[in-house]
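Below you'll find the structure I mean.
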């Protein structure tokens, strides 16, 4: 009895510490990424980006955050209040839950649930739900079109995303993020065995996070601000926060599944993990500031005509090579 | 027991996530000034009074995609347990099973493709 | 050509006197006056012979209102003025929108500014003015708008229907580049109908022209089309010079060409950036602004402004260019040439870009003529027509350049036409610089108060967006009696509803961008 | 507390994407490579008024546009500011003459204006100065003290 009690206690402590750590990381990550995005965009566009607010503009995101805290939150008259209020809250749940299973290093992980990747995938569907709530609840036409686009897009890209992860699971026989990361010791990164799967995953996940060239749900030149057109102040900031955290999460999954996770020589695991993740984040930013946006039918067809068949072939080839 | 315990953090994190999002909104309500104009709370539509509500029948031309998706997503989920235990068997039977399953699935795509689901016709009335 | 049209026209419309006009002084070759009953016959005649309707102009002469129809031809230079006198007390005229589609919009404009009722016109609602207006602004006397008219005119209201999904694109919308408003009737992602609503930036330029002397109106030209200010400036200055018979020294003519082409280059560059921003790529926008700043660095010391240039004067220029200008421009040409290959790599080869624009917004030659589109849009549709070639002003006649044309008439073709035009502009600048003569920049004898001889003139120039027509009626005073601006964006916009129909929302943005609209110019 | 908030607000002014006329091009110029508004944290142009702090009235306001402009202003959440950019927004500029029927003679007749930036159109530097003035108005201290204060 006592032993069990001790165990629960220890687990609880670990959980709470993890929770605080994750919350701090989420906020910090969003601050860093907004700053980085503006800096990266600036340098790609032959300008400097934030510079005057703090050294190298580092205090800029903090100023933005405080400003948004002190900003009036408007609730338009014609919205569906429950949906409208809940949407920015719900979008945060998958964001936070995903962090439970991400292995930052061999020991740094809130809890290694043995169906880790399934938890992330299952919860990530919630964000679509939240976007639909935001779009429909706003009673705004741009928001509605944005939300419906977002659903179709998420639907289209969820399948190649799943299919791209399957070969890795086949090779490791595990859903556990840590087991998968551990399976890639040395330079046995799965990206070398599964380059096609990696590419499919990367494209699909960029689409899942609504980033250019797949940013149709919030396409500024068509839909003003898309599904969050009617959101102001802190509610809008929550969508923003979720978006940036999602970028990190998909990069983290990619690193864990394909780029050897926290494994690497000389440096401690967490450094490698963050290094690789932020490199991928940088690539996603790079894409955003380089490419135009695809059209809606093209978006769906890239997935259905190219990615899904390709993913199937890749799956079969993997299956065949493993068995024959 | 032990299995369910594993998911305790999931529940905890979900609840905290909801609470966490409340905090800044409450702070903002306390800090932010408030103004009201006659049209402040109107729905935004480029500064024009919107014509009617957004809650009307919306022609979704991609409902067929949704139908295919439902079929597919469920089927792809079947593949996850398969993948989990794939390499454990010694014989190549699993591969043939997988081959059959995937080919049948792929057939659906090619059928839809042939049916023209993936071509978006421009609708010209002239 | 002119002779042939004259004899054929005489045969088709019996009993109507067809007068020869001096093209050099009037800007048109033939003029005839028809009765309301014969207008449709005349219009049909021109339609059959492949003419397009350049403009409809209304002039209020107090005793009568005159409607002036300018018919012009893409293939060979032949302009005909058809005029029609109507009673100001009961102004009614037949519509020709059944024959020339672009007349639909011109007639709506005349209806709200002059109160002329067009018989058989399908839609006579307000296009430009706000609902509170209570007189016809351009009439010489204050004619109140009757209650009946107020109800009939009223601003745009979409049809009723519970399940129709109307979306406003604009006036505050990132992709309409200003305050254009398009009301879209949507069916999901598809557009069923598109209706432009204009006038959010109607600044009364034509009314102002009647209140100001010729010189005082000069600054207005730069504010009509703020991107191609130099071309509008050039058009106005050359029109007035033509009306008064002022000769311009050679050096001034060459400098005019160089500056106009530099401005055309910067206008097309901005279009390129804005178009790509519409399609979702934001970075090229900043790249082109970088080039624009280089152009501004050249133009600013010479003209004194960065955007709304007002540099040309009647009879010459405001001041002379110096050596720094010449060397600066030469350096800029070198730089620009290397930039073209950069844009080519970044944009032309981009799969997403070409897939977004190929086959979108296709304009056939016939539709282009009926809607009287002009400039790069017309050339994209495959008609090699450039007013710099057909009616050269300044030193354009001595410049050597070819006219780029498209083959498919889609948005991608218009992109390529504009890119080729930018390269042409660089070539023209180089030629003009090489031949830049020495000499004065201003004619000696330009009177302080310009009083052109009595008469009218329809003068056209090629702006970055297409055909700019300036119709001036002079009554020998120092103020124009009537000045009508036939602006290219107005005509180019009018083809948008039919292009957008049946396309997706994203396509509509791509099409709107390919037309390259400047709103203050449309609204005037 | 108010001070911290004001400091944050001054350093993170998000303008609304709202171009009216000629001045809009100069507003864009000031956000571009050479002038780079983003240095001061003011380069985040938001298309939706719900997320913007500042409305830059860039050009002539016509009577048809006036209700649209006030609607957009009212739809912005407070605290919010307005910069009247260019002579047209300040007073109607060159488009005021006897018998004019379509121009609002100054945007202050519609919404409260915080900073006026004169010019036709104002140069991007002038708009940057306008931003600095607005920051000064919010915080009470100027970011770059002018030459008269430096010497």
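Chains here go by letter, A, B, C and D, matching the order in which they are written, and residues are numbered from 1 within each.
Simple rule for what comes next: a residue touches a chain if its C-beta (ideal position, glycine included) is under 8 Å from a C-beta of that chain, and two chains touch if they have at least 3 such contacts.
Note that this is a predicted model, so its numbers are computed, not measured.
Q: Comparing centres built from CA atoms, which chain ends up most distant from chain D?
A: Following the centroid criterion, the farthest chain would be B.
Q: Name the chain pair with more contacting C-beta pairs, choosing from A-B and B-D.
A: When the contacts at A-B and B-D are counted, A-B has more.
Q: Quick one: chain A and chain B, Cα centre-to-centre, how many Å?
A: Comparing mean C-alpha positions, chain B is 14 Å from chain A.
Q: So the centre of each chain is just the mean of its C-alpha atoms; given that, what is the distance between chain B and chain D in Å?
A: The computed centroid separation for chain B versus chain D comes out at 40 Å.
Q: Which integer distance in Å separates the CA centroid of chain A from that of chain C?
A: 48
Q: By the touch rule stated above, which residues of chain A touch at least two different other chains?
A: Within chain A, residues 45-47, 69-74, 141-142, 220, 224, 229-230, 233, 296-297 contact more than one other chain.
Q: If a residue has to touch 2 or more other chains to count, which residues of chain D qualify?
A: Only 5, 17, 32-34, 47-50, 68, 72, 75, 77-79 qualify.
Q: Where in chain C do residues touch at least two different other chains?
A: As it turns out, chain C has residues touching two or more other chains at 165-167, 171-174, 189, 286, 290, 504.
Q: Using the touch definition up top, name the residues of chain C that touch chain A in the complex.
A: Within the complex, chain C touches chain A at residues 165-167, 173-175, 189, 276-283, 286-287, 290, 350, 352-353, 355-356, 504-507, 509.
Q: So in the complex, which bits of chain A are touching chain B?
A: Counting only chain A, the residues touching chain B are 8, 11, 15, 18-19, 22-23, 68-78, 88-90, 92-93, 95-97, 99-100, 110-111, 113-114, 118-119, 136, 138-144, 148, 152, 155-156, 158-159, 162-163, 166-167, 169-171, 173-175, 224, 229-230, 233-235, 237-238, 296-297, 300-301, 304-305, 308-309, 312, 315-316, 319-320, 322-324.
Q: Give every residue of chain A touching chain C within the complex, in rising order.
A: 41, 44-47, 141-142, 145, 149, 212-213, 215-216, 219-222, 224, 289-298
Q: Please give the residue numbers of chain D that touch chain B in the complex, ascending.
A: Contact set of chain D toward chain B: 1, 5, 48-50, 67-75, 77-80.
Q: Per the contact definition, I'd like the list of chain C residues that touch chain B in the complex.
A: 158, 162-173, 181, 183, 186-190, 501-504
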